[in-house]
Amino acid sequence: MSEKGKPVKIGILKMGCIASLPLLEFILDERADRGDIEVRVFGVGAKLFPEPYGAELAEKALKEDCDLYIVISPNATLPGPTKAREAIKEKGKPVIVISDAPTKKIVGDLEAKGFGYIIVLADAMIGARREFLDPDEMSLYNSDIIKVLTISGAFRILYTEIDKVIDQLKKGETLELPKIVINKEKAVEAANFKNPYAKAKAMAAHEIACKVAELTVEGCFKVKERERYIPIVAAAHEMMRIAAKLADEAREIEKSNDTLVRMPHSPEGVVLYKEKLMEKPGPRG
Amino acid sequence: MSEKGKPVKIGILKMGCIASLPLLEFILDERADRGDIEVRVFGVGAKLFPEPYGAELAEKALKEDCDLYIVISPNATLPGPTKAREAIKEKGKPVIVISDAPTKKIVGDLEAKGFGYIIVLADAMIGARREFLDPDEMSLYNSDIIKVLTISGAFRILYTEIDKVIDQLKKGETLELPKIVINKEKAVEAANFKNPYAKAKAMAAHEIACKVAELTVEGCFKVKERERYIPIVAAAHEMMRIAAKLADEAREIEKSNDTLVRMPHSPEGVVLYKEKLMEKPGPRG
Amino acid sequence: MSEKGKPVKIGILKMGCIASLPLLEFILDERADRGDIEVRVFGVGAKLFPEPYGAELAEKALKEDCDLYIVISPNATLPGPTKAREAIKEKGKPVIVISDAPTKKIVGDLEAKGFGYIIVLADAMIGARREFLDPDEMSLYNSDIIKVLTISGAFRILYTEIDKVIDQLKKGETLELPKIVINKEKAVEAANFKNPYAKAKAMAAHEIACKVAELTVEGCFKVKERERYIPIVAAAHEMMRIAAKLADEAREIEKSNDTLVRMPHSPEGVVLYKEKLMEKPGPRG
Amino acid sequence: MSEKGKPVKIGILKMGCIASLPLLEFILDERADRGDIEVRVFGVGAKLFPEPYGAELAEKALKEDCDLYIVISPNATLPGPTKAREAIKEKGKPVIVISDAPTKKIVGDLEAKGFGYIIVLADAMIGARREFLDPDEMSLYNSDIIKVLTISGAFRILYTEIDKVIDQLKKGETLELPKIVINKEKAVEAANFKNPYAKAKAMAAHEIACKVAELTVEGCFKVKERERYIPIVAAAHEMMRIAAKLADEAREIEKSNDTLVRMPHSPEGVVLYKEKLMEKPGPRG
Amino acid sequence: MSEKGKPVKIGILKMGCIASLPLLEFILDERADRGDIEVRVFGVGAKLFPEPYGAELAEKALKEDCDLYIVISPNATLPGPTKAREAIKEKGKPVIVISDAPTKKIVGDLEAKGFGYIIVLADAMIGARREFLDPDEMSLYNSDIIKVLTISGAFRILYTEIDKVIDQLKKGETLELPKIVINKEKAVEAANFKNPYAKAKAMAAHEIACKVAELTVEGCFKVKERERYIPIVAAAHEMMRIAAKLADEAREIEKSNDTLVRMPHSPEGVVLYKEKLMEKPGPRG
Amino acid sequence: MSEKGKPVKIGILKMGCIASLPLLEFILDERADRGDIEVRVFGVGAKLFPEPYGAELAEKALKEDCDLYIVISPNATLPGPTKAREAIKEKGKPVIVISDAPTKKIVGDLEAKGFGYIIVLADAMIGARREFLDPDEMSLYNSDIIKVLTISGAFRILYTEIDKVIDQLKKGETLELPKIVINKEKAVEAANFKNPYAKAKAMAAHEIACKVAELTVEGCFKVKERERYIPIVAAAHEMMRIAAKLADEAREIEKSNDTLVRMPHSPEGVVLYKEKLMEKPGPRG
C-alpha cells in the first residue's frame, strides 16, 4: 500500500517490442497476488515511430493518474517514445524509460531532464527482414532472448529497481529513479550465481546477446543484397538461440547444486530471497 | 485498409497472463510494417479475477471505437474477462475470446452469444507457488511455452485466424469469427511440417504442454503440503522445459532440410508463404 | 535361504510385454550372485489374450512348487492373465500381479481375492501400429521406458517390494503381499534423490511416461485413418524418448554430486545401500 | 503356419542375461499379431553356470515339442548353456545358440555339431561389481546396450535370421541354421542406413559397445583393488551410455530425411519393408 | 613439382600461438602424401615479442633457401614478427604473413611493402590470466577455436590461398600473394555450405569467435581486479566453447544431407572436390 | 633459470603429426610468461618416414646446443624419427621421445639406449583416406582428440614430466628421463578429478580414443575396398567426436562443483595448483 493507504498505481506505456517489454507487468507481480500495486498497460502494438503514438498513449495514461509511469520501447530516441515520456513528465509525474542499446546515446539528456532509465544492452534488435522474420521466427527470437535476459540477471535488475521506486512511493520518500545501463557485469551480479562457472556462462550468454545487434543492424540496414542479408540475420538469430542454451547451462548448474536463488514477491510486495528449493522464501539476510 | 480506406483498428484487452498473451499484438505485425491495421492494447497486469477489471478495460477500449476486439486471459469463465467481453459485445462490437483449457467448458455459451473464440489447450497454467515461482521462473516458463506453442503451430493458428477476420473487415464482408479449440492435431496441421518426424516431435511437445496443467493444478490447488507441492510444480516446469527442447528438435529438422515454412505478413497484411530460406515469400500456391 | 534352509523359489509368469517385464528376474538378482533365491520363468511370448495361455502357464509353473508366484502382463483384466493368477491362487499359492494402468480398475477385486499387486502407471502401452512398430521401434521404446521407470524409481519399488515378501518367506512370517499403485510421488520417493531438481526432473519424466498411454490408446484404438494415427503413435514414442532424456538429466545431477543412491543386493539377498561411488554398500542406516 | 497347418512352435531357453535376451521373443512378434508362430519361454533367471540348470530347462522345453529351439545366454561355453543345447540336440531338434563374444572360441565346435549360432560381439558383459551394479544400474546398462544393438542393426539380424528358419519350417524345407558372428560391418549392413554418416555413427556406436567388454572383464576379473576396479567398470558403462547417444544420432539423421527403414512383421510372419513414415509397409522390392 | 622439377619448398616461421598456427603445415598436406611440396618449420615457442626472436628465425629459415616463406604469429605489428618478415623480404623472398585481428591496422603497410597477408579476424586472443589459463585450458581453447575456424571456412581459405601461390611457383608464374582479411562472409563462402541454415550457424559461430577477443582483451589488459577479470576471461572461453558446438551443428546438418564438401589434396597437390561421402574426390566442376 | 643462470633451452623436433604434437611447446609455457625456458622448434611438416628427414632435423637442432631435446612423431620406430633421436643421442644430449601406440614395441630398446619416452596410447592414428580426410577433417579430428587427451589427463602428464626434467636441469641434478606409457588409469590420475563420475567419464573417453586406432588401422591398411574403408574411417572419427563430448561432460561436472583443478606455470616455471576458480594458484599442498 502507498502511504495514502492505496496500492501504488503504475502505468506502463508499451511502444513497439523489445524482449524486456512483453512480460514487464508480470515480472512485477508474478503470481498475481500482490496487493500493494495496481498496473495499467497501454500499447500501440508493433509500431512506435511517429510522435502521435506517443502523444496518444501519454494522454490515455495520464487519465489514470498513476503514481509512476514506465515507458518501454526500442530505441527511445525516436519521436514516438520521446513524445510519450515528455508529455508525462510535463505533468510532473515520475517516468522510468526502459529501452535498448541505441538509447545509450541520450542517457545524458534523460538524466538532465530527470527521467529514470534502465538500458538493457543485451536486448538486441531482431532480424527484421521479411524473407526471414515471420510471426513464428519473431516469437522464437523473443523466447530465446527472454531466456538470456532472465538467466543472466537483466530481468532481475528490472524488477528490483522498479520495486525500489514502488517502495519509495509506498513510504512517501523522495523518489530516486534508477539510472542504470545493464551490462554483463551488472547483470550477472544481480543474478546472484553461487557457482563461478555458472556465472561465467551467463556472462558469456549475455555478451553474445549484446553482439547479436551488430549482425541484425548490418543485415537490416547496411546490407542491401538479399543473398547477403538473409544469412546475416539468420546468423544473428542462431547466435541468440545458442546464447539461450548457454544461459540454460548456467541455470542447470545452480539447480544441480540446489543453490538457485529465487526472489519472489511477497503479497505485500517485498522481494524475498531463497536458495534451496525446498525452503521457504524469507527476507534477504 | 478497411473498406472505408482506413486501417482496421483492433483493440486487445489483456487480463492476467497466459503464454499466448504477451506477444499477441506482435504476431499480427511482426516487423511493424503493416499498413492495414492499427492495434491498441489495454491491460490490467497480472490480476484478472474481479469484474471491475473487466468493466474498466471494456470502457477504455470502447472509447477507441475499434473494428474488432480481442479479450485474452486465462480462464475466461472468471468474472473479470466475462465482464470485459460482454460489455463490448453489448455495444455491438465483434469480440474474439482467446483463452486456455478451463474456458473449454463455456464454449457452448460463447457460441450462443456470438463470440468468436480460440482456445489454446496447450497454454498450460503456470506453477504459481511462492516457494517456486519468482519473476525469473515465470519468464523462463513463458519462454519455454512460447517456444512450444510457436513451433507446434498454435501461434500460427492465432494469427491466421485473426487475419481472416481482419480481411473480412477490410472487404466489408459479413464476419465469421473463429470458433476453434486448438488441439495437437490442429496445431501441427497449421505448422505445416514437411518432415513427418518433425511433425511427430512437435505434436509430442504440444501434448506434453497440455499435460503440464494437470501437475500445476494439482500442485497449486489440490496438494497442501509444501514438501509435496514444490516438487510437483517444479516437475511441471521441467516438463515444459523438455517440451521446448523437443519442439526445437522439430524445427531443426525442417531447417536441416531447408523446408521450414515461413508465413510473414506483407505490408498490406497478406499472409505470404515460403519454404526455402533464400527465396522470397509469395502468395501461397 | 528360506526357513527351511532352501532358497526361496519364485515362479514368474510372463504374458505379453510391458516394460517392467523383460528384466524382472534380473532386477531381483542383478549380479547373479544371490544364494537365497531361485527363479523360474515361464512365458508365452508377445500374445496374452486367450484364457488357455494363462491356464497352460499356470499349470507349468505350479509343477515347480514355487514359494511365490508373480504374474506379469499388460492389462491384467484380460482372460489370459486372469486365468493364470486365479489358477495359481486356487492352489493356495501367493501371487503378486504386476501390470499397467488398465489393471487399476480391478484393484478392488484383486485385493478382495487376496492377490498382491503392483501397478506401474507409467508403464505405458506401446504404439502398436504396423506402419510404425517394427521390432526395432519396439525395442527402442522399451529401452526408453526402461530408462524412465528405472531412474524415476518404479523399478526400485518393484524389487524392494518383492524382496520384502521373499524376506517374509525366508523368515516364515505371515505374508503381506504388496498392494501398490506406483504413481509419480511414490516412484521418486523410492528413487531417493538427494537433489530436489533431480527429483523434479524424474517426476516430470515419470509423468510424461504416464501420458504416453493416452496417445497410444488414441492412435491404436480410437483413430482409424492412417494419416492421423501414424503421427499420433509416433508422437507418443517421441514423448517417451524425451522422457528418457529428462530422466537421464536427473541421474546425471546425482552423479555430479556423487550422491547417486545405489541399492544392490548382498549375496544373502539383503538390499544394501550406498551413496558415494567409491564406498562400499552396507545396511541402510 | 507350418506345412502341417499349425503355427511354428519356438522354444526359447533363457539362461542369465545378455542384452539380446530380454526382448528376444518380442522382436519376433512385435505387435503380438503374428498368427504363424507360437513361442514358449523357459528361464532360470540371472544364474546360468551349473550344468543342472541347462538339464532342467532342456527337459521342460522338450516337453513342449517345439519345432525350433533357441538357447540364449552369455558365454555359451559354460556348463549350463552347453548342457541345455546338447540335451535338446540329442533329441534331434534344431537349436540356435545366441550368445556373446566369449562364445566365439567354440564356433568351430558348434558348427561341427550342427548347431546354428548367432554371436553378438557387441553384446558386452556388464560391470558386475557390487559397489557399482545395483538393479538400477543393471537395467540402465541394458537400456543403453539395447539401443546400440537395435540401431546398429544387430537385433535386425537376430530376427531376420530366425525368421528365415521359421520360414523354412513353414515350407517344410531343409533347415539352414544361421552361422553368424555379428560384427560392425554386418550389423550396419542389416540396419540399412540411407545416409552414410548415419551408418558411420551406428558403426562407431557398435564398435564402442564391443570395446566395453574389455573394461568390464578387466574391472570384474583382473583388477582386485576396489579403488581401481570401480572407476573401470563405471567407465565401461559411461562408454555404453555415450554409444547409445551416438546410435541415437544415427537414427535421428534417418528420421530427418524420412528414410528410416522399418521392417515389421505381417500377421503372416512375412518381414515387410518401408522407408517413408507415412507409407504402408510392403514386400521388399 | 616446381618448374625446376623440384618440390616447392615452404618455410614456416612460427612465433607465439594463434589457433591458425599449430596445424598450419598439416592443412597443406593432410595425409602426408603430397609430392609437390617440402615444408620446413621453425619456431620459438610461446614467446614472440622481442626483435631478436624474429632475426634468429629469419636467419635460420633463409639458410634453407625456400621458395616461399610464411610468418605466422599473433599481432604481427610486434617487433618479433616484424623483424622476421622484413629480414626475409630483404633477401627478395616472397613472404605471406598470417595473423589475427590486431594486425589489421598495418594492412596498408604490409601491402605497400609487398607482403602477402591473411588476417583471421576470428582467431581471437586467449584468456591469458594465470588464475585461469593453465596448459589444459589453453589446449581446450585451441581445440574449440580450431573447430570454429575449420567449420566456418577460415582454414579452407588458408590452405587454398597458400596452394594458389604454390601453384604459381610450380608454374613459374608471377606471384600474386594473398591479401585477405577473413571475415564472416568470406569464411562461410569458402566453407561451401549446401544448406543455408548450416551456413547461418557457421557464420554465427564465426561471429561469436570474433567477439571473444573483446572479452579477453578486456579481461587481460583493461580490468585489474582479480574478482572481475577471472569471470570475464572465463566467459570468453565459454563463448568459444559454445561457438564450437554451434559450428558442429552446422557440420552435422551437412552430414545429415550427405552434402558435406571435402576438398582434399591430390598427391600432386591439386585441391580436389567432393560432396557425397562415398564418392571419389575429383577436380572441381 | 638453469644452474648456469641461463634459461633451460629445449629443442623440439616435430616429424609428422599426432595430437600431442601441434601444441607441445605451448603446454610448456601456456601464457608465454615463463622466464626459465627457451624453446626452439624444428619441423619437416606432415612427412616423416625417410631417414634423411631425421638426419636433417637433428643436425639443425644440434646447432642450437639445447639442454634437452624432444623428438615427437607418430610411430617412432620409423627411420625418420629413429635417425633423429639417435643422431642427437650420439652427441651426448638427453632426448625424450614422445609418440603413439606403435612405439610401444620398442620401449625396451629405447630404455636400453637411455632415451626418455612418453607413449600416449590414446593418441590414435587419423583416418587417412583421401576420400575422407581433407584438411578440414584433419583439423577437426585433432580438435577432438586434443580435447580427449587434455581432459583425460594425458597432456598434464606430458608437461609435468617434461617440467620435472627441466627442473633437474635447472638444479644441475642427474637427469631422470621419463619412461611412461600413458594408459587410462595413469591419465585420469594425473587429471586429478574430484568427482568419481567425472573420472569415470574421462577414463571412458580416453579408452574410446585408444580404440579409434583399431578402426583407422583397419580402414587405412587392411581393407582395400572403397565402399568398406570409407565407413570404417568415418566411424573412427565419429568415435573420437563422441569421446570428446564425453570428456567435456567430465570437465563440466568438475566445473559445476567448482573443483576443476588447474595447474598453471608460474613465471619461474613452477607448476602451481588450484581448485576453486576464484582463488589464486599456489604451490601444491
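Which chain is which? They are A, B, C, D, E and F, in the order written, and residues in each are numbered from 1.
What we mean here is this: a residue touches a chain if its C-beta (ideal position, glycine included) is under 8 Å from a C-beta of that chain, and two chains touch if they have at least 3 such contacts.
A quick note: this is a predicted structure, and the numbers were derived from the prediction, not measured.
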Among all the other chains, which ones are in touch with both subunit B and subunit E?
-> A, D
Indicate the lowest number of steps between subunit B and subunit D, counting one step per move to a touching chain.
-> 1
Pick from E-F, A-B or B-D: which interface has over half of its contact pairs in common with B-E?
-> B-D
Determine, using the mean of C-alpha atoms as each chain's centre, which chain is farthest from subunit F.
-> B
So, in whole Å, the Cα centroid of subunit A is separated from that of subunit C by 49
Chain centre separation (subunit A, subunit E; CA means) in Å | 41
Junction residues of subunit C - those touching two or more other chains = 196-197, 200, 230, 234, 256-257, 277-278
Which of the chains touch, listed as pairs?
-> A-B, A-C, A-E, A-F, B-C, B-D, B-E, C-D, C-F, D-E, D-F, E-F
Complex contacts: residues of subunit C adjacent to subunit A | 195-198, 200, 253, 256-257
So in the complex, which bits of subunit C are touching subunit D?
-> 12, 14, 16-17, 22-23, 25-34, 37-48, 60, 128-140, 142-144, 146-147, 150-151, 155-156, 159, 226-227, 230, 234, 244, 251, 262-266, 272, 274, 277-281
Spell out the residues on subunit D that touch subunit F in their complex, using ranges where they run on.
-> 184-185, 188, 196-197, 199-201, 203-204, 207-208, 211, 214-215, 228, 230-232, 234-239, 242-243, 245-246
Residues of subunit B that touch subunit E when the two form their complex = 255-258, 260, 276-278
